[in-house]
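The first chain written gets the first letter, and so on, giving A, B and C; residue counts start at 1 in each chain.
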Amino acid sequence: MSDELVARMDRLESRHHIEALVSNYCHGFDKRDYERFLSIWWDDCVWKIGPPFGDFAGHDGIHEAIHEVLWPAWAQSQHVTSNLVVEFTGPDTANGLCDVDCMGLLTGSTEATFVGATYKDSYARRDGIWRISERDVTIHYFNQFGGTTLSAPEG
Amino acid sequence: MSDELVARMDRLESRHHIEALVSNYCHGFDKRDYERFLSIWWDDCVWKIGPPFGDFAGHDGIHEAIHEVLWPAWAQSQHVTSNLVVEFTGPDTANGLCDVDCMGLLTGSTEATFVGATYKDSYARRDGIWRISERDVTIHYFNQFGGTTLSAPEG
Amino acid sequence: MSDELVARMDRLESRHHIEALVSNYCHGFDKRDYERFLSIWWDDCVWKIGPPFGDFAGHDGIHEAIHEVLWPAWAQSQHVTSNLVVEFTGPDTANGLCDVDCMGLLTGSTEATFVGATYKDSYARRDGIWRISERDVTIHYFNQFGGTTLSAPEG
């Protein structure tokens, strides 16, 4: 097979690896699986969440954001990502754009909070592994549904 | 082309076939297209919905769940799946993890009900066809928006 | 590589190009990026939104729908697409089915409006480029959350 066709197949596979990063961000965060969450980030990553949560850098920053800020702030959450567009800038680098709707319960609140946001991402492949280099978050809305809570059906 | 490259292309195609199973679950269920819904399940499948709906097995169980339990319970529904992660365990078997938000109207209710859940799936390929072997549902929330109904715009 | 394998790789790439059309519909519309939005449509396209917005044809129709009807009607919006199923009818033509949840603020309203809809699409490739030939919209619900607004966190 020609080099060009090998490169095309590699790109198709890379697209799926990147999609899995975006999905595992949600699975790791919402299911409180820190190992899964950390595995999507390069150790020199930048995670710019902005207000009200702040910006974080590196694996130390990820640890702080998750364990000291976000998981304490949310009693429960579910992120639904959508509209992922990946643009490759080379064989080992790509940019991504996607949207997310999140439904959750803030700690101490009995009312459902819903958030809509957009993620602008940079991904890089090193030693054959794709991870996130940078994720910039723009929050469009962050509000509560008055009188509406979140609860699972009784078993 | 080498056997290894043929296997890589087959895996990329399998990923898309599996994604279509996950999507057609929603299209079949919400649009009340039983033929489409049934086509995603192996005849020895297991569908563990859990409370409040129960667990079901085989095509007979799918028929019972749909026609005797779920479609009677829901006057209207729309499932939005997201975050699909597929892990292949062999050329013809894979596991999947995805999340869903569902908005609907329970039969007899005038208030919108929203549900958030996670699906843990097993898929198998037999005679060249991918279908779902097992889907385990974990419901995170199942609530109503007080004072909010669902209705289409008038034509 | 055999012609059959080249065709299979082309189809996998086409699937991703079509997925990007569906995503860029949302990014272009919600982020008010008209160039991105227009780039997904063939100049002889049909966009059947139906009530309450109407049907539109061609790039002139897209311009009218966006600039005279939809962007004036919505102060803010976020579309989340899901469940995309693509069926190819030839190397250069395909049909698509997907669902969307949209959260937004109608102009002049302080209450969040949510919309659930299904898109039936036709895509065509001309001169190597995939675009949308037709999108038929079926709106399932179009309602407001009483007492709930949309607002971003303060910086």
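One rule holds in what follows: a residue touches a chain if its C-beta (ideal position, glycine included) is under 8 Å from a C-beta of that chain, and two chains touch if they have at least 3 such contacts.
This one's a predicted model, so the numbers in the text were calculated from it and none came from an experiment.
Novice: I want to confirm something about chain A and chain C. Since they are copies of the same sequence, is their interface symmetric in residue numbering (over half shared, so same) or not (under half, so different)?
Specialist: different
Novice: Quick check for you: after a Cα superposition of chain B on chain C, what is the rotation angle, between 0 and 180°, in steps of 5?
Specialist: C-alpha superposition angle, chain B on chain C: 120 degrees.
Novice: Centre to centre, by mean C-alpha position, how many angstrom separate chain A and chain C?
Specialist: Those two chain centres are 23 Å apart.
Novice: Of all the residues in chain C, which ones touch at least 2 other chains?
Specialist: 1, 9, 12, 80, 82, 101, 145, 147
Novice: Give every residue of chain B touching chain A within the complex, in rising order.
Specialist: The touching residues are 1-2, 5, 8-9, 12, 15, 50-52, 80, 82-85, 97-99, 101, 114, 116, 118, 139-147.
Novice: For a test of understanding, state which residues of chain A touch chain B in their complex under the given definition.
Specialist: 1, 6, 9, 12-13, 16, 20, 22-24, 26-27, 30-31, 76, 78-82, 101, 103, 112, 145, 147-155
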